[in-house]
Amino acid sequence: MPAYEDIRIGDSASFTKTVSESDVYTFAGVTGDLNPAHIDEEYAKGTLFKGRIAHGVLGAGFISAVLGTKLPGPGTIYLSQELKFKAPVRFGETVTATCKVIEKVDAKRRLTLETKVVKHDGTTVIEGMAVVMLPEKGQ
Amino acid sequence: MPAYEDIRIGDSASFTKTVSESDVYTFAGVTGDLNPAHIDEEYAKGTLFKGRIAHGVLGAGFISAVLGTKLPGPGTIYLSQELKFKAPVRFGETVTATCKVIEKVDAKRRLTLETKVVKHDGTTVIEGMAVVMLPEKGQ
Amino acid sequence: MPAYEDIRIGDSASFTKTVSESDVYTFAGVTGDLNPAHIDEEYAKGTLFKGRIAHGVLGAGFISAVLGTKLPGPGTIYLSQELKFKAPVRFGETVTATCKVIEKVDAKRRLTLETKVVKHDGTTVIEGMAVVMLPEKGQ
Amino acid sequence: MPAYEDIRIGDSASFTKTVSESDVYTFAGVTGDLNPAHIDEEYAKGTLFKGRIAHGVLGAGFISAVLGTKLPGPGTIYLSQELKFKAPVRFGETVTATCKVIEKVDAKRRLTLETKVVKHDGTTVIEGMAVVMLPEKGQ
């Protein structure tokens, strides 16, 4: 991971995935979230969204992927996350999670990042903020 | 799902799972969060946590399981979630996600729920709040 | 789980899932049932069913889901299951497993349940019976 | 697959697997059977079985593996299965599913097979019978 000192306000990183039916089904199985909105097409046809959708928290997983593997990367201590779910993701849609540093608190080695998930067509899926801490070097 | 009108402040529901290595590995694969803290034991031995830990957002998945399958259950529209990560979960630890209604905003059919994930030994893993909306009957 | 005493003849519960390709492939991997009818589209095109189908026993898994999580629910001791496979399930079809109490044997705390899996279009997939036992309270 | 005509009463085939925690967790996710007996160690400690156990129907999956891949093998039409669950399987135990032809009904090209799942220590896990049909050659 980059040293805390080398991270600049405005730095950003992203992760993109086309959300598959198998992603949603596997996520349902691991988390226990068997809400029929995710796994029952007949039920889902009758909802506001007219078909099965991904779990909102799957998008949070993509944010976690950016924080944990890219910016700041391995070593990050994840302190908090706010998520506003703005639009659902249908199977086959491609989304990009982007994290951008907007604040540094040097005394605590903390970063605040703007965290967004956006569809390929520009629709915002998730808006929010993450706070992470970086360990001292060698820790 | 219970009708909005039938939900009372103080109602709560829970989901419990022993977090397995396979949960964490599967979650890593689906979300792309391949942070070595989760999947590299040799790396993880050298961290603050002295071994591999589950993704914080997996706990958020258990919260989503409660909201989407139990309280309020199917039909819930998930508007927002705040998560404070207080302690890591090691493989083999059993955690319980609990959601408790703390506010109702009738005009918008919105509920605020306190959302916690706690280990079997009482350690708090996640604290936070969720806001959800319930559709009108028949929607 | 409901107490044995509170379960009535005629009580029923269901679980519905749209059966995905990933369900069938994952089920194949875990059980070892790599029959080409399930995982080889070119082979399957030449069969009576004209394409890949789900494992019959996957439907039995949905019956187990109802028994183990809903009726009677956690604590159930599963004694036996009869399954008649009446029709195959294709990928993307939605099925509902329903279990209905048809007999109680009080001396042994046993229930017999009619167990069915039916497609959304009304086609019967599985017919059969389950026998379960409920432990004494506190056991 | 062997031709119907070449199968003899007494023929048998087997499939063996050490049942892992990940098998059980994946099976739970695909089937929706999140019974805490399978995924909550703290709950399971308080049951008759003193810890998490595999789903009984997972054993039925191993029987299906034998029928669908070995005897009779690909092309088999699975008509019915009876299962008596005699003992639970704990994580890490090795089980063998064996299917043995005990009857042939030539006019209908049907076979009855004795289907057993037995642990490495000799404990019977499942007893039962399967009935399968074989298509005419070229079908």
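Order of writing sets the chain letters: A, B, C and D. Residues in each chain are counted from 1.
Here is the rule we use: contacts are C-beta pairs under 8 Å (C-beta built on N, C-alpha and C of every residue); 3 or more make two chains touch, one makes a residue touch a chain.
Everything numeric in this text was worked out from a predicted model, so none of it was measured.
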Any chain that touches chain D and chain B: A
Same-site or different-site touching of chain A by its copy chain C, using the half cut: different
Between the pairs C-D and A-D, the one where more C-beta pairs touch: C-D
Per Cα centroids, the chain farthest from chain D: A
Mean-CA-position distance for chain C and chain B (Å): 28
Separation of mean Cα positions, chain C and chain A [Å, integer]: 35
Centre-to-centre distance between chain D and chain C (centres being mean Cα positions), rounded to whole Å: 15
Centroid distance [mean C-alpha coordinates] between chain D and chain A, Å: 40
Interface hub residues of chain C, defined as touching at least two other chains: 17, 23, 26
Contact graph of the chains (line, ring, star, complete, other): other
Chain pairs in mutual contact under the definition given at the outset: A-B, A-C, A-D, B-D, C-D
Complex contacts: residues of chain C adjacent to chain D: 15, 17, 23, 26-27, 29-38, 43, 47-48, 55-58, 60-65, 68-69, 73-85, 135, 139
Touching residues (chain side chain C, partner chain A) in the complex: 16-18, 20-23, 25-26, 92, 94, 120
Residues of chain D touching chain B in the complex: 20-22, 25-26, 34, 36, 39-43, 52
Of chain A, residues touching chain D in the complex: 25-26, 28-30, 32, 34, 39
